[in-house]
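Pasting the structures here.
The following pair of complexes shares a single chain, subunit A, combined with subunit B in the former and subunit C in the latter.
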Partner chain A sequence: MFMADNFFKMLKLFLFVQKSNLKTAFLSKGDALANVIMMTINNLSFIFMWWVIFQNKGTINGWNFGDMALLFAVMNTAFATFALFARGVQQLPEFIDNGNLDNFLVSPRSSLFMVSISESTFANWGDYVTGFLMFFISGHVTFANFWLFILASLFAFIIMYSLRVILSALAFFASDTQRLGDNIFMAFLTFGSQPASIFTGWYKVVFLTIIPAGFLSLYPVEFIKGHSLQALLIMGIGSIIFFLLAVKIYQQGLKHYSSGNRFGVR
Partner chain B sequence: MTNIIEVNQLTKKFKLKKNNSGLRSLFFPEYKNITAVDKITFNIKKGERVAFIGPNGAGKSTTIKMLSSILYPTSGTALIKGMIPWENRKKIAGDIGTVFGQRSQLWYNLPIQDSFALMGKIYNMDEIAFKRRLSRLVNLFEIRDLLSHPTRSLSLGQRMRCEIVASLLHKPQILFLDEPTIGLDVTAKEIIRNLIKKQALEEETTLLLTSHDTDDMEKVCERVIIINKGKIIFDDSLDRLKQSYLSKKYIEITTDAGDKIKKTVNTKDTPVKQALDEIVKKYHVTDITVENPPMEEIIKEIYKRD
Partner chain C sequence: MIKSLSKYWALFSISFKQAWSRKANLSGLLFFLFILLFIYNRLWEVIGIQDNVSGLNATFIWYLLLAEMIILSSPKMERTLFDDIQSGTMAYYVNKPISFFIMRYCEGIGNMSVSFLLMGAFGSITTFALTGTPPFEWKYFPLILLMCWISSCINVLFYTGIGLCALWLNSIRTLAMAFERLAFIFGGAIFPLSIYPEWFVDIAKWTPFYSIYYLTIKLVYDFSWNNLAEAAVLNTFWVGLILLFITYAYSKLKKKVNVYGG
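And now, the complex of A and B:
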């Protein structure tokens, strides 16, 4: 009862913040809509390149363009969810370095939750457009598959968010980690945008652990296309483990937080 | 009266990396410990207005940040209403309000009223109670005309009034103010000081105010704790501090000929009013300022007498 009550309070706050984020984005409506359109075009131009490759090659290690479309559907939908509703965590190293985390720490809500919802990029609605469009052209459209696609995107979002929390929390332990975190996160997205079948042996181990991009590509495609229970379990357990690990590292990091009190020692 | 804040041997050390050049520092970095707060002990009773005064780098903000659950201490304990703040962050959040002079809790692009509404949601305030509370604070701090303005368009003084209202919306019993008058002009400082004191008296809010401006403590607080290099060097009533260390006033006048004349008055021998009367009689005054001795001078005086 208490947990349900708490959940609804968080949900109410979340929705209120999203309303405020939309209000901020619509301060300049023309810009906001143009950014969404440009984001969609940008995504589609990248996907078009893969379409050309598959037109010439047919398949890559067993993957065809339909599989790639499913990958992009999950990837873009997960990224849109991250960028629209949890992007604040990307700013965490900056908040830690300049002491702005203080405002979140005195709040009666979870500071990680408050940091996460504090930023939103309206342009990333274009990723939702791309994600849903890719699902509908993937050749795997059924009513059941649609819900599997939504579920796979949710797990992919949790992995993406957890990795970003871990990378951002490095700033508690060392200085100037923003660029390192951004680069690893970018590598994660880049690996996740490749046909999963090209990674074998040790590459596959790295692909599923250090840079867990397999959770964006390999398992979601196996799950939606083959209705694989194994893929569902791996995604479910993997995302829970990554999420708990991320929260633990963040909580440990708070003990090292110095609130921007940086003294220079020559 | 019971203690609402209890601090015992509280210490905070920061580990700082030395910026040595060369590859060795990359693999074997050297660290240096800086003691920002050094075994401080004090208690504050409910409704007390306490100034936490000291020069830059004395440890004022670090102490406030430990008490408001932002920082973990290196050693020692603190209790806010019987709870350890850094272990009960969410529980004590409803009992404390914080204002950081150099940081904003308001949304930069949104109208002030939207930021207040968000604070209401964060503290899970009932809609009717929130409106009633906001209306009272808006009247008290005279910010009705600012409500529809985005934060970015406010002056520093206006913004600070809104920051204080935001921190008081959930009716905290303790208000931590970290340099609330920093960067403000004389008039804005005076307004903020009066409003803080008025509100604290009306609601019996416990205040802990840090500043390096001695006027802040004189106008708002009844008790003063002076901290220097992480250690408490004075903890007594404002009256006692005035009698012992604030007996000097610096008066600066500008005459109609443009000359600037500085006078030092010992208020134990000559009341300020008498000194001003004599100056006005003697010179054609166009401008006049009366100031307390700077913090550094008071600290020097305390050390000298000890």
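And now, the complex of A and C:
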């Protein structure tokens, strides 16, 4: 009962913050819209590069452009969710280094939750546009697949978010880790945006363990295309494990945190 | 003149030393570079096997390395300039006996040079280990690297120019990102323009990215004095245009700072 009550309070707060973010973004409607359009163009130009490759080569180890479109659909949708609703976690190293984390620790809500929702980039609505567009041109459009795509994107988001929390929490244990975390996160996204079919043998081991990018590309595509129950299970269990691990590391990190003696509440 | 240059040299070397001391940042950068080389080497290996073409990965991975050295070594100049302008910090510098713009540019070059050198050393060893025989003659390699370093300097100048757009825009992040992506595409930063359709290359030729990235980097697998001269001439032309824009924006900016007082 208490947990449900707590959950609804957090949900209410989350919705309130999102409403404020939207209001802030729409203070300058033209600017907001231009940013979304630019983000979409930005994504589409990257996808265009892959389209050229597939035009030249046909398939790459069995993957065709339709498979890549599915991959980009899931990646972009998951990233949009991260950037719009949980991007604050990317700023965690900065909060830790300059003591701003104090502001979040005094909140009655979970500090990780508060940090996560503290930042949102409106331009990333363009990622949703790209994600849905890619799904609709993938050649795998059915009503059932649409919901599988949404589910796969949700799992991909949880993996993405958990990895980012782990990387950001490094700042509890070492200083000046902002760019280190950013670069490893970028590497993870880069890994995830390649045709999964190129990773065989020990490449596949790295792809699924050290940098768990397979959860963003290989399994979502297998799940949507082939309705694979195994892929669903792996994604589901993988995201739960990664999420719990991220929370655990964050909580361990908090024990190492020394306050910056700053005033103010977020 | 020498005294004036020594001020900027001092800014360059301070920024160089500062960047050198950020070990965690540099390790992250090298890790990312390694992942890129590793992934794309695998991609071209697979395509090479599929198409029965040997050495495909060597050509494309050396190309990718130099492209990434130019792109990844560039610090986020647009954000620095944007913050300076929006926060009014710039007002503190305009009355000093030093050009605010050149000061920031020299700092940017110092920062970039550390990443460029490290990525060059680490990336060359990694690429050599991954692909074997390189697609160029070693005697030309220092010259190719020098051309890429000059391209990196132009790249820093370009993004500094984008930072000056803070004069007209409320947010610079997406604009910079869009330019970054256009540079990736029109400059052939991940895949060389030779694989793109002809109509696309014809469009790319009208952008600065064609010479700053593609023509310069292409020297790694297609070196000739003619190609080098073509890249140098076109780069000079684009530097002139970028400088024209910067001079215009900077003069506008100084007036605005005078009016608002920072």
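Descriptive notes on the structure:
Rule of thumb we're sticking to: the second predicted complex is superposed on the first by the 259 of 266 C-alpha atoms of A that agree within 3 Å, B and C clash if a C-alpha of one lies under 4 Å from a C-alpha of the other, contacts with A are read in each partner's own complex, and residues count from 1 in each chain.
Simple rule for what comes next: contacts are C-beta pairs under 8 Å (C-beta built on N, C-alpha and C of every residue); 3 or more make two chains touch, one makes a residue touch a chain.
Computed from a predicted structure; not experimentally measured.
Contacts of A:100 after superposition on the shared chain: subunit B is touched, whereas subunit C is not.
In the superposition on chain A, A:257 contacts subunit B only, with no contact to subunit C. By the touch criterion defined above, A:52 reaches subunit C but does not reach subunit B. Taking subunit A as the reference, the larger set of touched residues comes from C, when subunit B and subunit C are compared.
By the document's definition of touching, of the two partners only subunit B reaches A:109; subunit C does not. Of the two partner chains placed around the shared chain by superposition, subunit B is the only one that A:16 touches, whereas subunit C remains out of contact.
Judged by the touch definition given at the top, the superposed model places A:198 against subunit C, while subunit B stays out of reach. Once the two complexes are overlaid on the shared chain, A:180 sits against subunit C while remaining clear of subunit B.
Subunit A residues 175 lie at the interface with subunit B in one structure and with subunit C in the other. Subunit B meets subunit A in the complex at residues 14, 16-19, 32, 34, 36, 61-62, 65, 68-72, 89-90, 93-94, 96, 98, 100, 103-105, 107, 109-110, 114, 117-118, 121-124. Those residues of subunit A that touch subunit B in the complex are listed here as 9, 12-13, 16-17, 20, 23-24, 27, 99-103, 105-111, 114, 175, 254-255, 257-259, 261-266.
The part of subunit C that touches subunit A in the complex is made up of residues 22, 24-25, 27-29, 31-32, 35-36, 39, 42-43, 46-47, 50-51, 169-171, 173-175, 177-178, 180-182, 184-185, 190-191, 195-197, 200.
Taken together, the subunit A residues at the contact with subunit C in this complex read 28, 31, 34-35, 38-39, 41-42, 45-46, 48-49, 52-53, 55-57, 60-61, 121, 123, 174-184, 186-187, 190-191, 194-195, 197-199, 203, 211.
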